[in-house]
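Heads up, there are several structures right after this.
Shared between the two complexes below is chain A, which has chain B as its partner in the first and chain C in the second.
Then we have the complex of A and B:
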């Protein structure tokens, strides 16, 4: 368009319609942002709901086990745990509870093996921000067991059980330090 | 050109026949070593569990191992008669043979929640009104087999340490007859034959896993310390090189290892109901020795 060129009526109508379309686009775009934010919030809420539902289900499923643990009846707790595990084999929470019970019973190698299986299945158990976290219990176990496990292995390197126990404790230590699977 | 086989046919036939005979004699020329296996419940079960393991050891070590099922009460006598050089027994029989015959420790079995260790418990039926150990006084009690470390010795010791003398403080006590004594104890309490009984933790665990009992059926009134589980041993004069090979083969045994039994490939650990093997030190059995001394049982019995 040259400077001396005049806009006719048709051009003016065209420009007017173009301005309306541009305005509509801006309004539509602005309107769509809150909708996107709502989707993100919904996903977070879905995650939260799933976590709460899982927590509720686990609490209900394992209530006989945790009840016996609280009463100091560790052997009874282990037997009740066997029953739950037979119905839900491979559930991380069962392995973590087994680790906790064996830890309280002083069977530290068994406890480490239980925690390793649980943490490998679900990293939430070692995450300090998770509601399922057993980080403190695992930390205490590693601190308590690692020096003796290292010296036991050094004194008998051919013993696979000592090697496995040391490997389990080192795995837990690396996960506590932030290492990934 | 003429082939040498055509020139000396008789020599060729003799050579081939010799090779065939030598190949077929390979197994028979292997050294034969006997392993005495303590019957846990009965001979049939012992064979079913340990024939694959014995075959695995033969394949791995290069010696022809032969399994000899032995009644627990005859074990020491038959070992002393030189019937077998290697032993597979519970930890109590190991302890006795160590004390009297300097039996060498090879490796211990891992099974269940406590690995190479196991313990005993004293149980009553839920709802029986017997919720504490002191309430067992004056009741009908049952022990497991007398030579069972976690079915008799550990519980007897626990009772004594808790101020209950089984000889004086129960209305009666008994040991079930026949085989499967450990299971009979548990069912005996469940169905009211006994008020209270000893029970091995491993049996409670296994029976719960198999759905034979429910954890809620019983009160666990007390639990014994954990002591070593079943163990392989070797006579003091056994070839040390062979002992090392057997130990290595046991420690290396994995869940996927198989052996051929009557034309069938069988998973060795699964058949034997074992999770694996672990090398223990003789001092790990000291807890059991202290128990035997307190209960006044062989090999420390005093009259």
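Then we have the complex of A and C:
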């Protein structure tokens, strides 16, 4: 359509219908505001419910493990943990707990491997604002282990265990640094 | 070198891209991802319900800004023209594989250089791949591989308005938040600069890039063809220098190979991913950013590439194709190889022989 174009009757009908359709769109969009707000609130509540249900289930499921951890019985905690992990191999929490136990036992390469498996399964554990966050523990582990892991790998590049440990720590460092996932 | 109006606009575009590319990260976007068209497409596809990764769902205002800024610029400069009609399905598939290549590298060509200027040395494999890919694309062009010419006659009048209209609708979605629109509350999509800042930056960049025709792969293509005489070279230099200076001044320059944000150390796949992006970009006339800008100025072929990019953004998340800091999954490797099959097979079939 150019400025000099003459509108015929058909054009005018189309323009009239276009104006009606545009007005209807505005009216219906405006009318959907209350429904939208309800939907968002419902979604937020559903998320909150799911998070609380998960937290409750994890607490119950891993209670024997955390109990043993609090008593300082790390070997027993690991044994109980293996039982849970074998039943729920796709759950990140078990691997994160494994990382924490091994960290307390001073087995830093095993701890890194546990955290890597957990974080790969669920990134919430490395997020700053997540209620499940273990960011501080992982951060300390990376800071503590990385220099020694680098020098150990440099001195024996053919050792696959050293290579894997360094790769695990670098992965955790990269996830701590942020960026797109 | 003659300092003409075009040279100034190109340099200004590069400068703006470098500045906002880093500053949007400072203002809240993920590290080294102040501007990343492929990440933004993946986030936006998730927000529109096209994939269900709960950590990657956010309708990025920058994307909307790129298209609407380019639309405004094209109207202002009287350059808006509906055009298209050349190999639409191939362009759609190319858009899809552009995102596959970017997802395997973790970032579009803009983010590639943002990562590089922040000291991420793993990106060097991507730089080499992108240059090699553009070189292969140029070789193909010189041997008669072309998708056909754009023609205003082939595009129905007004068809070029559809892409700006779609992005205008997305803009409305941001403000009225319909119930189907999803926004992550965790993960990298929960990190974003304030809405109005993101939108303004996108509009400014879209406006500038439409006028200057600036894009990353276009700059590499022109440098390979014309050397120092290429005006886009100065845009590229302005982009790199600005991004480097802003990274240095905000304390974000951390040189190294290991532990860089949003990166992996599978160099061969970084090279191949960006190689695919470079090659496809030459074939369809621009990187993902340029496709968005062109779709805003009435190019319905570019709009189809953008539609392919959205599908790609959904599929790379849904089918475990996108790389992570842990490396490139098998699906990603297969997808990149499939992309090369498309490029190579397409080049053989499309080639005009004497």
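Here is the rule we use: the second predicted complex is superposed on the first by the 147 of 181 C-alpha atoms of A that agree within 3 Å, B and C clash if a C-alpha of one lies under 4 Å from a C-alpha of the other, contacts with A are read in each partner's own complex, and residues count from 1 in each chain.
By our rule, a residue touches a chain if its C-beta (ideal position, glycine included) is under 8 Å from a C-beta of that chain, and two chains touch if they have at least 3 such contacts.
As the structure is a computational prediction, the values presented were derived from the model and not from experiment.
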item	value
Side-by-side fit of chain B and chain C on chain A, or clash	fit
Contacts of A:156 with chain B and chain C, given as first, second, both or neither	first
First (chain B), second (chain C), both or neither touched by A:178	second
First (chain B), second (chain C), both or neither touched by A:76	first
In the superposition, chain B vs chain C on chain A residues touched	C
First, second, both or neither for A:86, with chain B first and chain C second	first
Chain B versus chain C as contact partner of A:102, first or second or both or neither	first
Gap in Å between nearest CA atoms once chain C and chain B share a frame through chain A	16
Contacts on chain A seen with chain B and repeated with chain C across the two complexes	none
Chain B - residues contacting chain A, complex	110, 113-117, 121, 201, 204-205, 208-209, 211, 214-216, 220, 223, 226, 251-252, 276, 278-279
Complex contacts: residues of chain A adjacent to chain C	29, 32-33, 35-36, 39-40, 43, 47, 116, 120, 123-124, 127, 129-130, 146, 166, 169-171, 173-181
Residue ranges of chain A in contact with chain B within the complex	64, 73-76, 78-80, 82-83, 86, 98, 102, 107, 109-110, 156, 158-161
Complex interface listing, chain C residues touching chain A	30-33, 36, 39, 55-56, 106-107, 172, 176-179, 185-188, 190-191, 258-265, 324-326
